[in-house]
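Chains: A, B, C and D, in written order; residue numbering restarts at 1 for each.
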Amino acid sequence: MPYDQLKAECCKINIDIVAAGLVKLTWGNASNVDRKAGVMAIKPSGVPYADLKPSDIIVLEIATGKVVDGTKNPSSDTPTHLHLYQQFPNIGGIVHTHSDYATSFSQALTDLPCLGTTHADHFYGTIPCTRPMTPEEIKGEYELNTGKVIVDTFRSRNINPDDVPGILVASHAPFAWGKTAAKALENAIVLEYVAKMNLQSYTIRNFRDNAQPIPQVLLDKHFLRKHGPGAYYGQPGDKH
Amino acid sequence: MPYDQLKAECCKINIDIVAAGLVKLTWGNASNVDRKAGVMAIKPSGVPYADLKPSDIIVLEIATGKVVDGTKNPSSDTPTHLHLYQQFPNIGGIVHTHSDYATSFSQALTDLPCLGTTHADHFYGTIPCTRPMTPEEIKGEYELNTGKVIVDTFRSRNINPDDVPGILVASHAPFAWGKTAAKALENAIVLEYVAKMNLQSYTIRNFRDNAQPIPQVLLDKHFLRKHGPGAYYGQPGDKH
Amino acid sequence: MPYDQLKAECCKINIDIVAAGLVKLTWGNASNVDRKAGVMAIKPSGVPYADLKPSDIIVLEIATGKVVDGTKNPSSDTPTHLHLYQQFPNIGGIVHTHSDYATSFSQALTDLPCLGTTHADHFYGTIPCTRPMTPEEIKGEYELNTGKVIVDTFRSRNINPDDVPGILVASHAPFAWGKTAAKALENAIVLEYVAKMNLQSYTIRNFRDNAQPIPQVLLDKHFLRKHGPGAYYGQPGDKH
Amino acid sequence: MPYDQLKAECCKINIDIVAAGLVKLTWGNASNVDRKAGVMAIKPSGVPYADLKPSDIIVLEIATGKVVDGTKNPSSDTPTHLHLYQQFPNIGGIVHTHSDYATSFSQALTDLPCLGTTHADHFYGTIPCTRPMTPEEIKGEYELNTGKVIVDTFRSRNINPDDVPGILVASHAPFAWGKTAAKALENAIVLEYVAKMNLQSYTIRNFRDNAQPIPQVLLDKHFLRKHGPGAYYGQPGDKH
């Protein structure tokens, strides 16, 4: 069958985002593409990950959204994925999750600036948060408009989606992508990890002035009962 | 036996709330109903989850609270469950846990407003926190009064319990429900997840102005040693 | 052998505190007593939990601290345990860990007031933090003095250690106890859990005024695409 | 083969830092030395931990950085490790991770003062954060300069690296070391644990004044329904 490999890979990545701890219940979906064939494969809507088989995967034409393989309803987020593949020609996979730290930044309508090298190794600068969608965008073709607001954010802020392979959709959750579905998953993992660290770094910056170290005498007591010639912790013969 | 299926399902859901990570020690209980038979099944009081068997489950008449099957003491929260089934005619299952983020909102006497689509997918607006119970309510029929203060919260704030299937009991912990016991469990999982994300979103909102991105030169160094023509990370032949 | 049962139970509880997630590396120890025989059993110092066997356990006279069984060095915290058994005549087991939330309250020199029923179910009011130890107490018989400052805290603040079976030692970490070693472990688990929830409740209280719910139109879109007659999420035949 | 034991140990420690929960993706590396032979063994660059075999390990001369065994590219952080072994003559192993709490302190450019005995048992005082590197240091021999800024921090602040076996590199992540690679791993675990606890302790200190305990009547109700003569929780015959 022409799409067997694409569907098998799509199924695997959808299972991998669960194994990576990024998914609760059925919140999340991954897609991949065969650019030569002009098609995208995506998870069906609302199917539990534990039951997912390659034969459940839906294949659609990228240009038209027409289903070319599969019998189930595709993910309700399908129009978002299609629009991103249409507009970002270098990407080969998309991962959408509600991973909790990244989603908390989405809920706070807040960008993720680059605070360290973990971020810099994978995203070339700030990971943007989209503007809120308008009532018309929400009431209209909502999932397509979600894709459009993502693309608009990259264009209007002059960010290259190949260098910054992910975004926070305001009041919703993150999307990540990459040259391959495996890279998209990796970027989704990084996005969640740097979101957790940014939150922690902000808290440290705001609170650190209130630290109060222990007195020297207690530091001496504990360090020296375990280290050096006076150590008495452990068993005879332990090295200190 | 007439209640075998109901008891088996009740036992399963009580074990599932532990597997979902919502329960420490014996803090939590789940019930389900057979509306035609007019009965509710519930976990016995203080029995460790690891030992729970369908034959331990207690079955009671919803209207009267009379035990119709089972020999153990039912959960001490039984009067709360009975009252909710009496007053909320569309619900088929209730899950009570002390899951730690939701309980922290209970302890802070604080509603959970809807900050994002994860919440909106499952709860149609703010998840309320009850008012504190009065000394008379606490000293009197405490567990029944817990049910009453839950029902009063929905009535007085004009919230439909079918649309907002859960609540935070002030100074206590969350209750969630649904058309079925499986849906009640799902809603308890969502309630805990959005509580964690709300806490994180609040922190981000309060702290984000203090972020300080790394300098461009460090961003360049790290991104470009892994990506593009000058990359030197990894093994020869790795794709960047 | 006269102490075989006591040592087996002691070994089991020491392994259980690791299984409960309360221990990193070798930070922690549990003891139990045979009041009739007047002896206490405790973990050896610095032995990895993975290797712990009942034959490693040390048995000492409560009144004198004299070792009556075992060849290894007992835990360096032994004098603390002995003093607590001498002064708190109703307790049968003690668990000491560096579990991270409770220890963070110790490091902040901060009591744990009762914020909810999870706490109230197990501890009858505030879990105290000791005063800091004096330089003389630290330089002198440090571990014995740790026991003394614990006992002093209960006496001077008029708290009954049977009703509040645990404490935070300032700049150090928690101790919990109970009528049995199993109850001491349970109380150590509760202490850690309420410490985590208190921290979260404080943060919620301080930050909640800055919450900003999503607009009604987005709430409608997400709730109604999954619930009710207009739902289009999932597969045909799914119940909404 | 002369380096078989060194390479096997190096491989093991690299796998152990993953098992200890300190590593995401491929972020981290561990090295060890044979001081007599004057060589260091280190992980290859960008190889997934799951596939790591002793034969993948690279061995280099400490004094010159010349590869003496192994065919893969060594970790890109190799010049940092070499410099530390050259300058800190008593250390036998180095562990570098991006563990998330320690890295959050790096990202906040913030030292870790000693707040309690968990810290004092392993680090004899403040764990320093380096100064930010200059543009010249970043654009030049970046990984070597990372080693130099670490060494400079210890020298200029007059801290003994044998007593404080770890550091936070500003905007990057922690390095830990020890007499042996196993000790370096242990210190990396402690560094992450105390970073988490410092963050929590700071939050408690800043927020604790806003705690509001539950009323006595609710405390009485919950404690007394489980404890003492009036207890009605659990099954007949349970001990309270």
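Methods note: a contact is a pair of C-beta atoms (placed from the backbone, for glycine too) under 8 Å apart; a residue touches a chain by one contact, two chains touch by 3 or more.
From a predicted model like this one, the values you see are computed outputs, not experimental measurements.
Within the contact network of the assembly, the step distance from chain B to chain C comes to 1. With chains reduced to the mean position of their C-alpha atoms, the one farthest from chain C is A.
Both copies, chain A and chain D, contribute mostly unmatched positions to the interface they share, with under half of the numbers common to the two. Averaged Cα coordinates give chain A a centre that lies 25 Å from the centre of chain B. Each chain gets a centre from the mean of its Cα atoms; for chain A and chain C, those two points are 36 Å apart.
Residue positions of chain B touching 2 or more other chains, listed in rising order: 115-117, 121, 171, 198, 201, 203, 205, 214, 218, 221. Of all residues in chain D, those touching chain A in their complex are 24-25, 27, 98, 100-101, 103-108, 110, 113-117, 120-126, 163, 171-173, 179, 198-199, 201-203, 205-206. The part of chain C that touches chain B in the complex is made up of residues 115-118, 121, 186, 189-190, 193, 196-198, 200-201, 203-205, 207-208, 210-214, 218-219, 221-223, 226-227, 239. Contact residues of chain A toward chain C in the complex are 44-47, 72-73, 76, 132-133, 135, 138-139, 142, 171, 214-215, 217-218, 221, 225, 232-236, 238.
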